[in-house]
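Residue numbering begins at 1 within each chain, and the chains themselves are lettered A, B, C, D and E in the order written.
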Amino acid sequence: METFEKGVAPPAENFDGSSLRILIVHTRWNYRIVEALVRGAEETMISKYHVQPENITLHSVAGSYELPFTAQRLISASTNTLKFDAVICIGVLIKGSTMHFEYIAEAVSHGIMRVGLDSGVPVVFGVLTCLDDEQALERAGLGDRPGKHNHGIDWGHCAVELACKNRRWKDGII
Amino acid sequence: METFEKGVAPPAENFDGSSLRILIVHTRWNYRIVEALVRGAEETMISKYHVQPENITLHSVAGSYELPFTAQRLISASTNTLKFDAVICIGVLIKGSTMHFEYIAEAVSHGIMRVGLDSGVPVVFGVLTCLDDEQALERAGLGDRPGKHNHGIDWGHCAVELACKNRRWKDGII
Amino acid sequence: METFEKGVAPPAENFDGSSLRILIVHTRWNYRIVEALVRGAEETMISKYHVQPENITLHSVAGSYELPFTAQRLISASTNTLKFDAVICIGVLIKGSTMHFEYIAEAVSHGIMRVGLDSGVPVVFGVLTCLDDEQALERAGLGDRPGKHNHGIDWGHCAVELACKNRRWKDGII
Amino acid sequence: METFEKGVAPPAENFDGSSLRILIVHTRWNYRIVEALVRGAEETMISKYHVQPENITLHSVAGSYELPFTAQRLISASTNTLKFDAVICIGVLIKGSTMHFEYIAEAVSHGIMRVGLDSGVPVVFGVLTCLDDEQALERAGLGDRPGKHNHGIDWGHCAVELACKNRRWKDGII
Amino acid sequence: METFEKGVAPPAENFDGSSLRILIVHTRWNYRIVEALVRGAEETMISKYHVQPENITLHSVAGSYELPFTAQRLISASTNTLKFDAVICIGVLIKGSTMHFEYIAEAVSHGIMRVGLDSGVPVVFGVLTCLDDEQALERAGLGDRPGKHNHGIDWGHCAVELACKNRRWKDGII
């Protein structure tokens, strides 16, 4: 069967992230995976875009259902100090024997979308929805799997790009 | 297949729940299970965080579909007296022969998300969505099942953490 | 497999429904089933809670998709006269050969939730989502099925409970 | 297996549609089916309720995803001239090999619900969600199928009923 | 099995797109496919409706989840300069081994609907939701497949039609 090149091309432009303030909200469930994803996002933002480490705020919640609420409240709180330019919500859902996985995944994917659209602040969807542990490990870049790739790297790229663009958009620059 | 440690790590911080006001809205359907979950949440909040028993309000509804509405109305009503710092919605849905389970579970998981985002008060999703009775008993910590764990305990932790943090966020402290 | 007692316990409190105004919006599709459900709800509210028959307004629509809109408009209209204290939306969806059942059921279960949350008036979800006719007959208490139970009875209980409580909540009484 | 009479009873009341303004928004995809459905709705409104042909506005869009937006914009536009009393959104979705059918059907069924609830104008859901062509032909009343029935007829009845009632509801008449 | 003519008829009217401003937001994931779809939309708008090439703004995002937010922000930003008359969101989702496809597709199809309804600007849903690479290639008009058709062409037609009509609707012309 014919196929085509997968993966995502980087943006054509070099973004300067040195003045950005980024929030990462992540779960403590499935923490070995989450930790690797958070690190992937952080390192990408710092090494590729010169985001200042002290301008990345990490905030943990128990599980993925808490991500939209926490992102919304922290965006709102940050207007009193220095506003976040982008948020990354990171969690790992793994299919279990009940239907918990399905209902959480659906509510959270809609909830994160809502928080971005309501607030005007970009909120990156960094929630893995895996059917088993192997899929999660592979997508966090862990172990020796040939196809492994840390998706946190992609979310770091995505957050910086949207954050930089969103500053322009607020000034009516398209 | 490689795996990793499951479960959720406690927050790094010790929260003081002694001045919190918590609402638990729970169903009367599948009450044996619900009762154990409510007790797990209560005991956790009292014993681990010093929430005062008289500051935990219990409110029952018939079924899970009533949880979002009741949570919303009680949050609204509490602004006239002393506002709730967090709500836990507890219910147990078990797959039956019709599609009732699926449509209720979906509407309720979205509804509880909406109430939290609309109100700015954290609303914990404490609804089990089980395919049979055994799954429900195990997740309420009942019987002698080896993997049993009362999920109400997790919801108690979650409610106190979000309640304490939300007070700071309202003051613009991140 | 171990199990537990099913069904829903009545509220601990005796509610006085004698001054309540209740709206029942019901479909005319699958009318034999719907009629039994409506009667079950009415009789429960009248005989158990002294709701006055003249204070129960019946309103019919063609199909279930019309339930949320009609409930919303009648709630809004009732503010000009005497406001409804609760609404029960009653319909019966039965799986057919197209996907009509699934899309209607999902939109309606979300729509009824929205109308309650938007209006502050409790709207009971009285829509059966059955895979065949037998399931519908059984849940309307019709025929000689051993497990038969008229779910309209539950909806009548639920409407009165929420209506009475909602009056207090409006006064800030929890 | 026991069954019961299917189909939908007409409203008990005779509605006078002679002063109503009705909008039909329909797709051009699957036009042979759509055309029959539109004609069924039109003829029903004219012959049964004396809706004036010149008061029925037909508006076409390419596909079903455009129905909610177009209905919303035309409702809004009609407030500058003479407001539509009801809208019927007509489309035909047929399962193909990708998941296009599922995501369109879901977004459209929720979108049409939203437009009705947001605007206060009844918007009838006239979208067939069929698994094959035969199902669509049968539900448009085409060919010689024994169970054939033009669903546009039902939507015409539904639109007139809701339009007439909605006028009263706006005046607080229940 | 009887069938009927598929595909979508062009609008009866010739639209003049020479003064329109169109935004295309597209993903960089699955770019070979996306590029063909974007080109199909552009060429259609330019060659069939005389849209000026300099009035088509292209904007890329990493993945489909970013489409609704970016469309919303650019619509908002464009009010400061010259407002976009329509937006086309183009992406290609392909089923993988996790459930990522399903949750992204659902959140994005609802999100794009919301952005159109919230903003009053037509937003065309140009997201392919394919089960394999072949389906994507075929729907981008690539290769020698007999049934190949570039769906970007349809989206170009759709955007111009809705853009032109929406200008009239704003003036109350139906």
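Convention: contacts are C-beta pairs under 8 Å (C-beta built on N, C-alpha and C of every residue); 3 or more make two chains touch, one makes a residue touch a chain.
Computed from a predicted structure; not experimentally measured.
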item: Whole-Å gap between the CA centroids of chain A and chain B; value: 26
item: Whole-Å separation of chain centres (CA-atom averages), chain A against chain D; value: 41
item: Where chain C touches two or more other chains at once, by residue number; value: 106, 110
item: Overall pattern in which the protein chains touch one another (line/ring/star/complete/other); value: ring
item: Chain ring listed from chain B, with chain C in second place; value: B, C, D, E, A
item: Residue ranges of chain E in contact with chain D within the complex; value: 1-12, 95, 105-106, 109-110, 112-113, 116-117, 120, 122-125, 127-131, 135, 139, 154, 157-158, 161-162, 165-166, 168-174
item: Chain E to chain A touching residues, read off their complex; value: 27-33, 57, 59-63, 65-66, 68-70, 72-74, 76-81, 97-100, 102-104, 106-108, 110-111, 114-115, 118, 132-134, 136-137, 143
